[in-house]
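Structures for review follow.
One chain, chain A, appears in both complexes that follow, with chain B as partner in the first and chain C in the second.
Let's look at the complex of A and B:
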């Protein structure tokens, strides 16, 4: 299938991009195009206008804010994988990036694009919720910050308002003793996940969180996961997965339990 | 040239050097393929070409009440009312009781599957054609669909074809009196076994570019096709024009696997439109169309009972088998290509006393079932080999021991089995033993005694089968489908500069025929393979052939090339004899030269050709006028087919928490007779085994209760990739077939036959202590965890 006709603009300033996105036309943002491309070809989205943000150099910038790192929304998965951007996570983000789809997708796919697309099975949706990152969002009325943990509200739906654009992510730095664990269950490397378990144990910052990812909608965040993190504790894991909406005895329940269990076992 | 006798070589598959039969010659065609310079249908661009998009049914079963064309561009939209001169595709079998279906190339009163074409739209681009298709409105009166083949047979089920009275294309029976063996059987195992519907997935989908040549008054159709001469015959029939007015060209084709051995309604529609418009017309199938509307295969159900004595020696089999044939009978192989074969091949490589089998080819509201590598054999091997393992567990014996007690022994070869199949040659027990030894089953049994550190469970499994290939006239005549293979032909021409042109009507799309047939020419004529050009896949340039299917080309086209080259050699020696003034008997063909034996007098093939074409004044008056061009036909004297065979053995680790399976080791021991090019055979086996691994663990086209196909992208339809296919060890045996020109046997499909059975047996071996037995492919995490949960694990 091929996309229907649409207009295309490639602004070079954030202001003109926001102006295009805030206009009367049904506009969609084109970042890496790795999800939008197929959606256009399947005619599942038929926008009047594509706003290509590849000309917005400020969205590719990164900066160190002391207790956090800000990554521009256009940073690609492979830039994170290759360590070409500052790392707040002691190698965690690079490990995650390496497991996203395939290298060809990682070369084009972007951090902001992945979050804006909000596929529940996407790695960054789960990981940014786990790290308590915030999204920096710009719109006609200015800038606001949204916690990643509540940004995704359902499959392919977010708190982003019409006309708004994700410009970057602010990711808190992990302390020196922080340990992270991640397990993604997919049928083949690079395919969509059936289940994701993500855990962090950062005693210096008092952070012990877990996220059940690849859900039916929003990632399920467990802000105080101390009990889960104690190894071998299957009952609390099972309870948490049930709370995340998966009924005991189902395939989904089993694989999500296994994912969290293995994420805990992989804490490093 | 026939090789007689059975001499299995211990060193099968080793490069014997040279450029002839048996050499591991690098593939000539790879010069373009590996550089991305293949020429496929979608590479063809023509001035004034228009693109076609089809309006396809979104529902599985409905009556069409009305079709509304858009008011502005309605003249660019066609329905069946516009194609009144086009006949539907009909592919009947001559088997008694076969019910005929008419597949109209655009829906006629009713749609019977999701994706069935309702209207054809054209525009200057595919995108605009799809815009137009979106504006066509169709009113459907939905009918209850027939989705599952088992419920399709219940009384009161909706009817796919109203006038049939039931949903059965064909029912066949092999009857036998099983009472005696039932009484004697110490072991009786009954299993209900299923294989999922799949979608074969060549890298390139189907595609057509058609245009009308006014000068030649000829429709030229470029099509991604395996059987261009059959496509031509089918197109001529549907369009009602002479075959001579149609030229079908299959250019480079990116994998066929059976999907491209079918006349598609899309080809007929595009050809009709090219004739109507007088402009080139193109349709390139996309993956969505391929998965949801076109490429469907494999779906089998077996209710099978094996009877054995206390040691597992097979007394007999009793089976009811069904194949979900989908909505229409596809041209030319028909809707019974799978089920009707099941009854004749189910006994596999084993001996038994009694055998009964009852089959149904069932019509449902799904895409027609099409041939896919291993046709019927993959499902049959799965059912039979799972039963053999179940018998072995009952007998408390190693599965290979039970098989050794039942395989046809080498001293019985050639052997006529219980369904009258003629096994031409081979040593099945040796094949099995070599697989057991290559996998080192005792090593895995030892490992199974200790718990794995990661908690996974280890299992070993194997499967053995034999595969009839290159079967010919006598076999297909009995089946009575629109295509009966006869003599395979090769037109050979030594050109003025000594290049040998070989023209065959079959097509090479991964088989490496441009290389292997050059090796056959080398073997026969002594010519350098670099001096040989294979011309294939063009009905205007090649002799008639039923094409590439049934693992037949190396036997059939190989035999035809050998015969044509022998004739060219005879003529070369005749001319050279005149020129060198020696007797023909004193001349030998070696290294591209014709030599006077025992002397240094010689002429190159190019010199002989030069005289014949460009310096005929040198020829004496009595030279034979036949020249250096000939067409020769070939068919083995006995055309029941070569029987290649193989044993696949593997070790797996099963993760009972996630339901996943890792292949730890995989061994294939196979016997393709004399191998023309062992390297190419290795490639065929690797590729086939990868597809078999897909069947075993990944590939499935599920449908919902309304008949909606649920896998519409390759994110939903999982294919094995580099990380899912282990390094496969191959061990070749080479027992020459007494039937073929060099002893070669067809092996193109075999790799895809045994993996589901071998892998399922290994999984069941790993899970036997848990009381879990997997009987349905693919064995996905979801199925495995459900089975574990059902067993309380």
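Let's look at the complex of A and C:
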């Protein structure tokens, strides 16, 4: 299908972008357009105005803050895949990026766009919760920081307020001993996942977390996953998946258990 | 309507477009460049894949109005390209197309694989092709064609 009618602006300053987003019209942010484009073509969203942020160069910037790396919201999946931006994760983010959709999509799709869109099956939704990243968000009343672990509240629903814009992500650096594991179930590479398992074991920083991703809503974070990581055995995994709201015996329960189990087995 | 100025296949183009017009429709309907095919129109099938600033992109979910200043290259823009010539020849030799609908997009992804991943093996080629659907030849010929060009390309780089 073809997208419905909308107006389009490409502001060149953050201030003018926020002014457009905070106005009276039903406005949506256009970053890479790789999720918004399909939604528009399906007419699932019918905004009055698209505010294209591709002219905001500060949103493509990156910086090293010592114990963390800040990636601008407009950094693309392929820039992460190719190692063209600083990496706080010892290669983990690049491995994840390579599995997002397809290269033609990764060339335009952005980190901030993926989080703002908040598809439960999106890789960054799970991964940023796992790494305890925070989102740097700007609105008319200034800047605030939101933990990625609680940013997504439901399918396509986040804690962003009307008129706010994600400007970047602050991702803590992993220590040299950190190991990460990730597994997602999809029928072919690049498809939306049925289940995602993500785990991190970083003893130097005292971080042992797991995330059950591609749920029907928010990612389910297990902040203390020591037992689950130690054994990789059925019982603690099954309990965690049950706590995430999946009933034992169902396909969803089984596929999420298997995803976590395989993520633990892939710790590297 | 919004004014845009971009480069298409090396030529400067200025036009006035509705914001809702995607790049593929702009190329096909306004510029009569019908080599770019449309399949699913939601970024999944890969038929509309072309190059924007040298990297493959989906033209069905990229709005023309957002391509201000972009360098767009469609399949028609690769007529004098030796690597695309080699891919076309290999696609023909390996029976990598039947109806041909997916072929322009396949060739874009194929060219990207060869230039970006010269060491790719069959498994990697198949993984990279996951975003281009073919519903009649069944990929075997397509994969074989790309692998044969990868081999030629590696040879050329070594010599």
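Throughout what follows, the second predicted complex is superposed on the first by the 267 of 268 C-alpha atoms of A that agree within 3 Å, B and C clash if a C-alpha of one lies under 4 Å from a C-alpha of the other, contacts with A are read in each partner's own complex, and residues count from 1 in each chain.
What we mean here is this: contacts are C-beta pairs under 8 Å (C-beta built on N, C-alpha and C of every residue); 3 or more make two chains touch, one makes a residue touch a chain.
Remember, it's a predicted structure, so these values are computed and weren't measured experimentally.
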item	value
Broader residue contact with chain A after superposition on the shared chain, chain B or chain C	C
Chain B versus chain C as contact partner of A:2, first or second or both or neither	both
Chain B versus chain C as contact partner of A:188, first or second or both or neither	both
Touching partner for A:54 - first (chain B), second (chain C), both, neither	second
Which of chain B and chain C A:63 touches, first, second, both or neither	neither
First (chain B), second (chain C), both or neither touched by A:254	first
Touched partner set for A:105, first chain B, second chain C, both or neither	second
Which superposed partner A:230 touches (first chain B, second chain C, both, neither)	neither
Contacts of A:145 with chain B and chain C, given as first, second, both or neither	neither
Chain B versus chain C as contact partner of A:161, first or second or both or neither	neither
Overlap of chain C and chain B interfaces on chain A (superposed complexes)	1-5, 38, 42, 188-189
Touching residues on chain A, where the partner in the complex is chain C	1-8, 10, 30, 33-34, 37-38, 40-42, 50, 52, 54, 78, 101-105, 107-108, 188-190
Chain B - residues contacting chain A, complex	125-127, 130-131, 134, 286, 288, 657-659, 698, 713, 715, 718, 720-721, 723-724, 780-782, 785-786, 789
Chain A - residues contacting chain B, complex	1-5, 38, 42-43, 185, 187-189, 191-192, 194, 249, 251, 254-255, 258, 261
Of all residues in chain C, those that touch chain A in their complex	2, 18-20, 22, 25, 41-43, 46, 49, 52, 55-58, 60-63, 65-66, 68, 108-109, 112, 127-128, 130-132
